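Read the structure below first, then the notes.
Chain lettering (A, B and C) follows the sequence in which the chains are written, and residue indices restart at 1 in each chain.
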Amino acid sequence: MGQPSYSAAELAERFGLELQGDGAVRVHGVGTLARAQAGQLAFLANSKYRSQLAESQASVITMRAEDATGHTGTVLVARDPYAAFARMSALFEPRPLRPAGIHASADIAADAHVDPSAHVGAFVSIGPRSRVEAGAVIGPGCVIGDDCVVGAGSELVARVTLVTRVRVGQRVTVHAGAVLGAAGFGLAMEGGMWLNVPQLGGVVIGDDCEIGANTTIDRGAIEDTVLEEDVRLDNQIQIGHNAFIGAHTAMAGCAAVAGSARIGRYCLIGGGAGVLGHLEVCDKVMVTAMSLVTHSIREPGEYSSGTPLMDNRSWRRNAARFKQLDALARRIGRGQAGKDPADPDDQSR
Amino acid sequence: MGQPSYSAAELAERFGLELQGDGAVRVHGVGTLARAQAGQLAFLANSKYRSQLAESQASVITMRAEDATGHTGTVLVARDPYAAFARMSALFEPRPLRPAGIHASADIAADAHVDPSAHVGAFVSIGPRSRVEAGAVIGPGCVIGDDCVVGAGSELVARVTLVTRVRVGQRVTVHAGAVLGAAGFGLAMEGGMWLNVPQLGGVVIGDDCEIGANTTIDRGAIEDTVLEEDVRLDNQIQIGHNAFIGAHTAMAGCAAVAGSARIGRYCLIGGGAGVLGHLEVCDKVMVTAMSLVTHSIREPGEYSSGTPLMDNRSWRRNAARFKQLDALARRIGRGQAGKDPADPDDQSR
Amino acid sequence: MGQPSYSAAELAERFGLELQGDGAVRVHGVGTLARAQAGQLAFLANSKYRSQLAESQASVITMRAEDATGHTGTVLVARDPYAAFARMSALFEPRPLRPAGIHASADIAADAHVDPSAHVGAFVSIGPRSRVEAGAVIGPGCVIGDDCVVGAGSELVARVTLVTRVRVGQRVTVHAGAVLGAAGFGLAMEGGMWLNVPQLGGVVIGDDCEIGANTTIDRGAIEDTVLEEDVRLDNQIQIGHNAFIGAHTAMAGCAAVAGSARIGRYCLIGGGAGVLGHLEVCDKVMVTAMSLVTHSIREPGEYSSGTPLMDNRSWRRNAARFKQLDALARRIGRGQAGKDPADPDDQSR
């Protein structure tokens, strides 16, 4: 199997980029600006790395016009070099063969429907009334329960579970180990024992979403848990039942959204951040890593909680004072005021 | 397959509820109070939503007697409407068929025992000396290693792993992707290399427990890791080796309990909260989301750590001061000592 | 199948330990010092538990010479009793049979290579150009994609996924449910939609590493994600694309390392701790549980963030003051201003 290779001129034409330099130069792979070798394509998206240009061995580099000035190598000029690089590097991505058809070992319910153009891998189970649409890929070891849909062109990479009533849109990728549609965590206490609240809803995943490895998205209690289109979830994210995530929102690894929380569009939720249940977060909110959203957010912007990292000795001293913070503030109040309005014994007024 | 349907009078009799209004009204599903349609059952558990009653299209609503006064629709009066709703809605839950018997593809050790009334799905492995008791359900893709037991009426939903020496009680549900009985994280440093400490114990899961999707519970080093009965774990929880979780304790998603920690009964551990190793937490402790339990807790009550969410600009200003907190406190302390430089009324100097 | 049993003298000789007492005493298992029974081996590593010695029923105890003084039972004297115990207890670990050979159900690509001495379990998929080396164990339900290597003597316990381009060294253990080599979370925003950045790199796992259950390690974007030798990762850890983890570093459960972070050797990362992307952490850094590393660390030592656990009422009072911390500090500063002892330009005193 030969490696694909492209000339700079071919890339310029294919991706609508302006060529600067020798268009006959060929690339057969990609590299970082600092470590690319001859025959590789690299990118310069952030001008602060411009000093690496002179040393770079990359045969072709995509960058903005202003960074290209004076550079003598072959350049593909792009308004957004990172996006241009992303599109071009897809040419070099080795893709596993996923031919249409159903592996002999797969176990598929009689009333399930698999489009003839779809791929179903080894050791896949598909339950009653579920559908796999055109061109979809169900990788090895996936389990699809009852009443699920995998939309056209979507891929469950491997060992994904759609438990029940999960409707996945088109061009969605679900990475290995993810579990969608597990029963939400609904409990009522009755006579000293927990009583399970049946989870009758499903999960709806919009078109062009991406769901990370070992991420979990529970099905709704009565209505559905919903991700709108183009939501991007990293690995090990937990989405509780009846949560709603707006279009184009991206969440980094290990973030968690509790039940019935509603997150807007174009939000960025940092790694390990949490959103409590039944809150609303408006569009275009950014939450920094490991922050906890404890109240609804009505204004776009960046939000944080937590304390800075310190050496442990300093941290211990300061953290101990955190326990005295209210008392300290009262002393400051008393001291400053001379007439603390909160102090009933204050005779100075 | 027709939908099941029940009259209000049938529900009242079956669940011991008092009927108010037209007992002939039939329901075939459930809805939320605000969005239910005709033919659906809804509930009103929290009186603050009472204003939604007038507008609700639900055919039957379960609520407390005091909320039902003056309501003209059909009501099933319950002391605990949420629990009553939970029990009734189970009637409408579509349940996958799990007939008794072993799927042809399953790989079962010669000396394993599967009760004839149990269901074993496709691509299931069951190892030597393991037992699956009466009525248990082993969903597709599960792996049960050596010397495990799945008790009567328990279900491993799909792609669950019981690694070794895992004894699951009766009526337990283990959701997809969970891993019980992996070797605990036991290490000794020897000559600059880590040495594995063999993990010879097992895991014991009491009756009526629920284990969430992709949750992990390690087996013990010498003795067992133990969950007493009716412990409820949400998704992506991590329980370290030799931890002990008391009966009826519930933990929300992404919480973690380190090795040899001991948690009491009827505790509520919030999402993403952590409990350090070798600590003891007494009964009836509530830990709020993303708090870290760094010392044993001897008194029931609610416990927290962390800081409030703020806009990032404010947070940065305040967080920077956290690093000075001890110094600030010392200055206050010095100041207060009779000659507070911050006190304009201080005449002592 | 009889239990193995060893005399104290045999153990002393085999592990190079000094025998004190009756060498003919036999043990057939292990126990904790406090709860061991006759016929069991226990250890005393921490002198603070020395008071348990007199009551212990263990037939043989390994401990340091200074703790053994005056103890009348059978002792195996060790410089490092915990390590000695770890080595000896491996004798009593029941190990599942993993005979050489490929299970009849396994689905193996024509151009994959499995060493004849390796074990491949039920329902395993192995993709094109992948290799399983001598003595390796691929447990049931594992999925190995294209272009992967599992080195000699390594074990994928069960339901592990190596997605693509994952090269696992020798004597590595990967626990159930782990996913290595999923596409890293690389996104570019283009015209209001997310564009996937292809992840062309792989994952390299050094010799003697251990990867916990349901842990995820993404493959690199251009270059590889790397774990050097003897890295020990607990369960549910997330390692982002192009992260680099130095040899002998250990990370506790639920820790997370974002993309392109570089962690040194012999680091200890606490449970639930996070490391932001593109940071560098030098050798021998310890990060306490649930701390967030927000800047590079250049000095070995212990680092922390967060606040102490408090009862919720106190916490609320203090946490509310955190939002006023900068204002409070300014008041202290102002109060002092006029006579700020820290201000060298202050002429007022």
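Here, contacts are C-beta pairs under 8 Å (C-beta built on N, C-alpha and C of every residue); 3 or more make two chains touch, one makes a residue touch a chain.
A quick map from chain label to UniProt name: A, B, C = UDP-3-O-acylglucosamine N-acyltransferase.
Note that the structure is predicted; figures quoted are calculated from it, not measured.
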Fill in: Same-residue or different-residue interface between chain B and chain C, half as cut-off
different
Item to complete: Could you work out how far chain A has to rotate to sit on chain C, using CA atoms and steps of 5 degrees?
Response: 120
Discussion item. Report the inter-centroid distance (CA atoms only) between chain B and chain C in whole Å.
Written reply: 25
Worksheet, complete the sentence: Residue numbers in chain B touching two or more further chains are 105, 123, 141, 159, 177, 214, 236, 254, 272, 290, 306-308, 310, 320, 322, 324-325, 328, 332, 335, 340, 342-344
Discussion item. Please output the residues of chain C touching chain B within their complex, sorted ascending.
Written reply: 29-32, 35, 80, 82-83, 85-87, 89-90, 92-94, 96-97, 103, 105, 121-123, 139-141, 157-159, 173, 175-177, 208, 210, 212-214, 230, 232, 234-236, 248, 250, 252-254, 271-272, 289-290, 306-313, 315-316, 319-320, 322-326, 328-329, 331-332, 334-336, 338-341
Fill in: Sites on chain A touched by chain B in the complex
105, 107, 123, 125, 127-128, 141, 143, 145-147, 159, 161, 163-164, 177, 179, 182-183, 185-190, 192-200, 214, 216, 218, 222-223, 236, 238, 240, 254, 256, 258, 272, 274, 276, 286, 288, 290-295, 299, 301-308, 310, 314, 317-318, 320-322, 324-325, 328, 331-332, 335-336, 338, 348
